[in-house]
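Take a look at the structures below.
Next come two complexes, and both contain chain A; in the first it sits with chain B, in the second with chain C.
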Partner chain A sequence: MADFLSQYSIQRWLEMCPQGYLEDTVNGHDPGLSEPEEILGNEEIREASIALTVQLIAGERAALAASSGLVNAAPDYASKTFLATQTLDEARHVEIFTQRLMDLGVKKEDVNSTVADYTNPNLVKFAEVLLEKVSNGDFIAGVVGQNIVLEGMAFTVFELLQTTSKELNPKFAQTLAGTIADERRHVGFGENRIGSLIAQHPERKAEIERMQGEMAYHMLATFSDIFTGGASTMTRERDRLAAQGQSIGDAGWHGTDLSTATPADMEAVLADTVLSEFKTRLGRIGLEYQTPKVPA
Partner chain B sequence: MADVDHDEEPHLLEEDQFLQEVHSFSFWFEAIEGYLEDRPRGYVETLGEPTDSKTMSDADRDQLITTLCNYCVGESTALEASSGLVRMAPNNHSRIFLATQVADEARHLEVFLRRLEMLGVTNPEAEVEARAASGLVEFRKRLLDLVDQGDWEAAVFAQNVLLESMEDTVFKFHESVADTITQQMLEGVVADERRHLGFGENDLGRRLAHDPDGRSRLAAIRADLDPLVLASFDSVYRELGLSREDQPQLGKEYLATVERLGLTT
Partner chain C sequence: MNGPVDAAIDEVPPSSFQPESADGDEPPRQRFELEDTGFKEVPKRWRKFYRIWQGEGDSLGPNEVICPVCKVVIRSHREFRPGDRVYCMPCMSRMVVVRRPDGSLEAEVTY
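Here is the complex of A and B:
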């Protein structure tokens, strides 16, 4: 374990992240890039982009609270050190997505009220399940909830958004690329560190599996709200692009062409991909994946 | 990270913009990049092992190990406290600043633990526990209690003013008498402590300006905690071989800060 944890030192993080893939970026993207006029000049799309960005901020705020809260509960210095780097990663994500909100025209003084107004209530419940474990100082459940469930969801959502943005919004796609690289590292830590702790504490399995099922339920409900609520806007935007002879470009993702998929198809492929990843990762650390109830 | 193109120097910005700027990730990275560039483990490795490290006597080595173990207690306390403070931060830029502080404290801990290994300590975590000064351990408990109670002002005072200014003073003194490797490590750590202290004084200064009750409360907390930290760092001076009369004025900067905040009793 010591060798694996040495790969998660502050030094390694500095070399990989700020001195690596974030080198020469500002707020996670090349200097000089901006949000496309097609978003800023179209009120419906701009508002949809604001609503989407708010969900990312809400998720990252929860991740920041959880990762910082887990430092204290970590059983060794090396885990504390990794969680310190994760805390800073999550703070950076909050910062860059908040910046995006302002780039989309939200005034600084309106950021908090905008986040409060647009955050999906099911995403709030998702975060509350996790933060309760963190508040109780429960390191094993906290890391599973944070680094496997929350980060696993974020990783897949960011990948989908990056695929649909890379052609028409390189600024957002680049911002997401850095966060994806971060999330991959966080998920890797979760898998590597928690497996041995689960093996030492098999009595904790049932409770942690229950937490995963509950978080997955709220996640699916969030997806459902967002894709159902945004369906008409997504469809209109696709039609508008088609009328102008444009598309989101090469957008194959887990067997689905996102440039032609309906909102329902996109929701289905996203949910399937996230849940399948959960199943694989939980299996690796010795937990049994719990199929969530399907939200009404 | 690319240099951010600011129209104005940070100190010329409006207060709100200034706080957002100096508490950002990019500002933090620009601040630390300078002293990390050629010091991947906190010191210039290309120098090899300097003579003063090779010729260190066993007694000096043992003394340095004890000192570094207590630095580790201080840094792990700061790591746990600053991470606990993230969640209760009153706004986004404070939250982001504290996240940078969490990484700084972890970095300091990592660097000091590595130095212990270089000095031949095979299990640094156990050694830190064995050699920790009781006053510092008690201070750690009190500080983490304040964090657990969600007492933002008291915790920021205890961590970012009291602990950080004491560390700043002791590390700066130690830097002037340390062997080359330890000296280089301390140089980087001191640069961070200044930033943390600045945050604490700035945040509390704004809050306490119109809050006499808050000032009285913090003054009482200060009177309670001061002796624990002062005694701990006093013992570090003794370990560094200084007689009491030769010790620099340990709390000079700290007392000046306390005075500015109106926390004198």
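Here is the complex of A and C:
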């Protein structure tokens, strides 16, 4: 295990991230890129983009609070070092998505009120389950909740958003590409660090599995609210693109063509993909996936 | 981009190991030249050993496996065989190559 932990260093993070895929970027994308006029000039789409971006900010603020809180709970310095780099990653995510909010026309002084107004209440509950574990200094539950459940969800959501953005919004797609690269490290740490700790603490399994079930329930409720609430806007935007002979391009994703999928189809493939990933990841580290209740 | 070559190429990422058969009863491994595909998530020296999985329509060569943790394609100069140890630098996971019942190869994470 000592050898495994030795790979977590600030130097490694510097070489991979700031000196790697973030080199020469500004706010996570190539300099000079901007939000497309199709978003900025269409009030309904602009507001939908603001609402979506707020969910990303809320999720990343929770991740920032969790990863920074877990630094003190970590039982070894290699884990503290990794979580320190993850803390900076999460702070960067908060910053670049907040910048996107301002690029979409939200004034700096209105950012916090906009985040408060648009954040989905089920996403808040999702975060509260995790942050309670972190506040209690529970390293194992905190890392499972943060690096496997939250980051696993973010990884898949970002992939879906990148697929739907790469043709029509390269700025947002590039921003997402950098966050996906960060998430690779975060889920890798979650699986690798907890895989060995769970084997040493099997008595913790039941409680951690309950937490996963609870977080998954709030996640599904969030997806349901977002896709149901945004269904008419998504459908109108797809019809508008089709009328102009445009589409989101080659958008096959986990067996679904996102360029023609209904909002209900998109919600279904997203939920199925995230839950399937949870099940696989948890199984690999010796935890039994808990099927969440279906939100009413 | 990813074709067989005759020359022996021995460079591998850290924590990776592809042993030759001890009794010599297996044919030599196919060798492949690797080109940088634009993957920027690891230091330059190691970029050719990884690429982004392109999703539907993409396929793996005999010298490629997918990291089950982060979904990046891990590549080698030599074809993979069961028992090979591979390292996914983007997510820092260590794996062993195994053969699935359908005959295909996959990587299993070792903790």
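Operating definition for what follows: the second predicted complex is superposed on the first by the 296 of 296 C-alpha atoms of A that agree within 3 Å, B and C clash if a C-alpha of one lies under 4 Å from a C-alpha of the other, contacts with A are read in each partner's own complex, and residues count from 1 in each chain.
The working rule: a contact is a pair of C-beta atoms (placed from the backbone, for glycine too) under 8 Å apart; a residue touches a chain by one contact, two chains touch by 3 or more.
Just so you know, these numbers come straight off a predicted model, no measurement behind them.
Of the two partner chains, chain C is the only one that A:Val187 touches; chain B does not reach it.
In the superposed model, A:Thr87 lies in contact with chain B only, and not with chain C.
Once the two complexes are overlaid on the shared chain, A:Thr98 sits against chain B while remaining clear of chain C.
When the shared chain is aligned, chain B comes close enough to touch A:Asn72, but chain C does not. In the superposition on chain A, contact of A:Met16 is made with chain C only, not with chain B. Of the two partner chains, chain C is the only one that A:Thr280 touches; chain B does not reach it.
Taking chain A as the reference chain, the count of touched residues is higher for B when chain B and chain C are set side by side. Using the contact criterion defined above for the overlaid structures, shared-chain residue A:Trp253 touches chain C, although it does not reach chain B.
Chain A residues in contact with chain B (one complex) as well as with chain C (other complex) are 15, 23.
Put simply, chain B touches chain A in their complex at residues 1-2, 4-5, 16, 20, 24-26, 29, 33, 36, 40-41, 76, 79-80, 83-84, 86-87, 92, 95-96, 98-100, 102-103, 105-107, 109-110, 113, 125, 144.
Taken together, the chain A residues at the contact with chain C in this complex read 4, 7-8, 15-16, 19-21, 23, 181, 183-185, 187-189, 191-192, 195-196, 199, 252-253, 255, 280-281, 284-285. On the chain C side of its complex with chain A, the touching residues are 40-43, 55-57, 68-70, 72, 88-94, 109, 111.
Looking at the complex, you find that chain A touches chain B at residues 9-11, 13-15, 18, 22-27, 31, 64-65, 68-69, 71-72, 76-77, 80-81, 83-85, 87-88, 90-92, 94-95, 98, 108, 111-112.
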